[in-house]
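What follows is a pair of complexes built around chain A, which joins chain B in one and chain C in the other.
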Partner chain A sequence: MQIAKSDIGQRGAVLTLDGRLNMVSAPQLKTAVTNAVAEGRSQVVVDLSAVTFLDSSGLGALIAGLKAARQASGDLRMTGANEQVRTVLRLTNLDRVLRPYDTVQAATDGW
Partner chain B sequence: MSTSTSAGHRASLRLLLIRILVVLVLSLGANYLAWRWLVSVNWEAWPIAVPLILAETYSFIDACLFGLTMWRMRERGPAPAPAEDATVDVFITTYNEPVELVMETALAAQRIRWPHETWVLDDGARPEMREAAEAAGIGYVTRSEDWADKPRHAKAGNLNNALFATTGEFLMILDADQIPSPDILHRTLGWFHDESVALVQTPQWFHNVDEADVLGSQAPLFYGPIQQGKDGWNAAFFCGSNAVLRREALMQIGVVGYVREVERAVRDALRTAKSVLTAARRTAQEHGPAAVAAVESLQQAASRALADLRAGTPVAEVTYGFQQVVDNASRGLVEFDVAALNADLAAISQVPFEADREGEGVVVDAAALDRLAEREWSPLGALESVRALVSTVDVLRSDEAQPVMPMATISVTEDMATAMRLHSAGWRTVYHHEILARGLAPEDLGSMLHQRLRWAQGTLQVMLRENPLVQKGLSAGQRLMYFGTMWSYLSGFAALAYIAAPITYFVLGILPVTTLGTDFMIRLIPFLIANQILFTVIGWRVKTWRGQQYSLALFPLWIRACATAVGNVWFGRPLGFVVTPKTKQDDEPKVPYHLIRPQIIAIGLLLVAAVVGVVRWSQGAFGGLPTAVNLVWIAYDVAVLGIVVRAARHRGYQGAEKEIPAAARIAQRPERRSRALSPVLLRAAVAIVALLVVAEAVLLLVRRDPNQTDSSSSAGSSAGASGDPSAAAGADPSAGAGGGASDPAAARPLAAEPPPEASQPGTYVETRVSAAGDVQVEQWVRGTRPLRGIDLTLPAAAPGDRPVRATDVEVAADRVPVDAPGTIDVAQARVSFDSPADVVHVRYTLDGVVERSASAPGRALVRALALRVRPMAGPARMRVTGPEVLSAACDSGPSAAPRPCGGPDEEGWTVDLRGPQRDDLVMAQVNLS
Partner chain C sequence: MAGEYHVEGLAVPESLDLLHALLDRVRNEHGEIDPTELMLFETAIIEIHGNVVQHGRPEGQVLYTFDLEVSEVMLVGVLADNGEAVPDLSGQEGLVGEDAESGRGLGLARAALDELGFVRRDHQNTWRMVKKRTA
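This part shows the complex of A and B:
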């Protein structure tokens, strides 16, 4: 899995993921969020548009990222979830905690 | 191919046989239990009768659950070949086990043939452990810094920590002492071809246990038929070690659990926030309109947040928005009184978001929430307290080290709770019946007891926290499989009743069952025999006796587990949890009898009761049958309980040294091998019972007098009706008093030898109740000195439908009939003798004492058994016989309630009275039909 980071505003960052977010790549995502927060960019958008597959370990990494961002008074939001990702979110009820936004624009609304 | 087919054929035949036997056992059990409930509970003796019938019902339900488990026993063959790309992490969990012991396991794990990574999960964070693991090229994991000051959740926490430090598709869990076979993954991974399989569990088997297995470490019934049965219901249990799990399944239930906890915590916090703010609004008025406005904005935000949650807005959004409002409101109140603010902040820092270190991290203690709500906050203080509340129970789960906890932490036995969540989420589990790892069992009683206590407590915690009977997503069979295991841990209470009942009988003469005669035996014996056959078939070549012993013998432990689990789950008390030591505790200097004090007391009481019983039986106080049944019962109890005495004296494994891993080899003090106590006790008890049965049979033969063969026919009154006492005088005994040989129930001739009971000073009464309800009484009186005469008075029976009176009264002094009033009704009757008599025989019919039950056909109360006779010397014995005597009661007068008294004998009931109790009114409950 590839992760590209682009900054938005003073405190924001967009992490664009490409590939499979699974038990093997989950630690990568966690590290990427931690690094962004450490740079003071605690408002993190995770863009999943190019993610072909996501498993529960991937969800675990998203939750860990949410925690890291919130602890730094920021937030973590996700966008671009495809049908498979939305199914996994529904199956685990995680959609009751994290809303899958349609676009980065919509995700950053209100920050 | 043909072998596997024939093996499959054998297995299905065996299953058919097991099912037939299960049906048979449960039908016979139901028959026995129905008879016990409906007919044979001695309700008068309820303090023992009710616990006993409840214990029997408990055992029957246990048998039903066991039968259900066996119904679907599934004997899987070998697993298919694994998928070639399966990646595996092998976890070895350790806390304080010796480094060499852990390394022996780790090195064996490293040699597992399937490609994998091996990790030592060291909860003790020992540098020497790290060094040894790294030197061998084995991964080493300790808790991350996230765990500082957070509930550690023991082994579940250790595994949860490691799950986020590794990436394998599957994980195998091994306890520090469980040495795996190199083939373990080749043999098990194939079951995961089924995408819905989350777990493959293999047996736990211990190599430091000899044939006798005094500590009951091997669980061949569980790691065998029971797990195979549960497997058949897709409910094979996860047992914490020697198992392979699918990471995806674990992570999925972890995420589901995260969502559940977060939703619950935020909802609770917002509700509390509302009441905190209501109180704050009152205070705010003293601080001006700005304060009021700030509080009001928060009140609105809290209600909106709750409404949003109900409407399904994602929790992260709701909490984020709410925090923003709190931030803004706080900023608007900066000019607030600093002193008040500081006082509030100090209080906020003490808000007790308590974490339960042994079970679930309780998110917010309910009592603490209440205290928080009651406090009078200044407006800013209120804002800050609300912020503290909401942020603490935010989407972070800041009370826990990790937001996602795949291994359940609601119980000290994380395995069972985790498996149940997997099953609820629709995953399948597999039991693979092949020993692929060998471990170390505790080698001394103390360690073993700790281990069993922990299992029991953990199981009961799960039952109380996540009752399987109501969990969503479980099938009915799965619910019952989990419930069955939990139910089995309630056996301690049943054991109490099973121990108390024979003691009660021998010491107090109270029998909780109305009869131990044929009715009892023909229902109980076939059930016991069928049950034994079922066990033999199920446990073919498997030793089940140890398990049976320990399920009752550890009754104090089971009761303690119930009490502590309830205390922990409902009242938040600590469990007193201890890690199971894998090596012997050498600081125990002597035989640890203090650990089994309740069992020793129980054994002592049982043996004393047996002696008392034998003595009283030899004095004729008890019949042979109840004595024998209760002695057999005591023998069984002692045989079962005796195992803990052996266990206490157990000196660890004495087997071949080469079989024991280096670290488990512990210097053995040269010890005289203790002779096992319990077989001695068992043999002694069996010998006593056998002797008693023989003695009783001999006595019965010796005593057997043609006229004494009591039965229920109703000739008594006609015997008395021959009227003239002189007619019986000197008559041929075989002619009787009128009934003749055709009438076995006929009374003894007045001139006959007095029965042996009348050979000592005292009163002996034989009351026969016929099926027609006639009451015929024979009464012998012997004084300490020869009697010149006797006084006869009516018993003080409560007034009934008809007046009580005695008719056809006959009296003989020293076997010579004397003149007596034919009827005794109101006045006292005096019968004088010409010459003083040693023994006086009185015979009469009691009229008006039988009161038939209006509700139960055939039931009747005999309101009095005999006339009062004066003078009285020595004890009084009353025997009542009839078609069926259910019980007897003694009434000391209006100041006390009638109490159950006496006990059953072969033909009826015997009551012995001494001292002032001889004046008691004795009544009997009979069944005339």
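This part shows the complex of A and C:
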């Protein structure tokens, strides 16, 4: 999986992923969020527009990232979730905790 | 089960790609299958195989076979492995906290399927996954 990072504002970062977010790539996402938070960018948007598949390991990485961001007084929001990703969130009752936003702009609204 | 589709090998993280490729074949060759039902089936298969990869022992040496059969009324997947241990069956009921980073796999698979069965017999673990077709 490729993860591209772009900074927004003083405290924000957009992580753009592609491919499958699964047990192979989940550690990469955790590291990317940890690094962004360590740089003082705890308002993290994870752009999943090019993610084709999410499994429970990937979900775990998103939860880990959410906790890391919130511990640094930030947040983790995601955007671009396809139907499979939204279904996994719904079936695991995490769609309220990790609410998908339609666009990066909508995700960063209010930051 | 003599499946319409078959794949086998070592249960390692890279084998997830083989299962995805097999599901892509099914998607291409059976355009009549409801895409959402096939997506749910794929989600469950990957979770169950991921469980074998993660918890199978000896780690990295477990052999698996996967067979998939398409009928007019259902999709059936059978995943068998020769792991020494019974897989971790926790999390089947989805009773994990919102902030838990693991333990959702089996609950997710169960929610995505119509039937999920497990049996350990003759030193082999066998999972049977069923997704009924409504289209």
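Definition applied: the second predicted complex is superposed on the first by the 111 of 111 C-alpha atoms of A that agree within 3 Å, B and C clash if a C-alpha of one lies under 4 Å from a C-alpha of the other, contacts with A are read in each partner's own complex, and residues count from 1 in each chain.
Rule of thumb we're sticking to: contacts are C-beta pairs under 8 Å (C-beta built on N, C-alpha and C of every residue); 3 or more make two chains touch, one makes a residue touch a chain.
Quick caveat, the model's predicted, so the values are computed rather than measured.
Student: Between chain B and chain C, positioned on chain A by superposition, is the outcome a clash or a fit?
Tutor: Here the two partners, once superposed via chain A, clash with each other.
Student: I'd like to know which partner A:27 touches here: chain B for first, chain C for second, both or neither.
Tutor: Touch partner of A:27: chain B, not chain C.
Student: Of the two partner chains, chain B (first) and chain C (second), which one does A:91 touch, if any: first, second, both, or neither?
Tutor: both
Student: Per the contact definition in the header, classify A:63: touching chain B only (first), chain C only (second), both, or neither.
Tutor: both
Student: For A:55, decide between first (touching chain B), second (touching chain C), both and neither.
Tutor: Touch partners of A:55: chain B and chain C.
Student: In the superposed arrangement, which partner chain does A:83 touch: chain B (first), chain C (second), both, or neither?
Tutor: After superposing on A, A:83 lies in contact with chain C but is clear of chain B.
Student: Please report the chain A residues shared by its interface with chain B and its interface with chain C.
Tutor: Residues common to the chain A contacts of chain C and of chain B are 23-24, 55-57, 59-60, 63-64, 67, 91-94, 97, listed in rising order.
Student: Help me check something: in the complex, which residues belonging to chain A touch chain C?
Tutor: Residues in contact with chain C: 20, 22-24, 53, 55-57, 59-61, 63-64, 67, 83-84, 87-88, 91-94, 97.
Student: Spell out the residues on chain B that touch chain A in their complex, using ranges where they run on.
Tutor: 164, 167-169, 247-248, 251-252, 254-256, 258-260, 262-263, 312-317, 320-321, 394-398, 402-404
Student: Quick check: in the complex, which residue numbers of chain C touch chain A?
Tutor: Going by the criterion above, the answer is residues 13-14, 16, 20, 36, 39-40, 42-43, 46-47, 50, 53-54, 94, 98-102, 104-105, 107-108, 111-112.
Student: What residues of chain A sit close enough to touch chain B in their complex?
Tutor: 23-24, 26-27, 55-57, 59-60, 63-64, 66-67, 70-71, 75, 77, 91-99, 110
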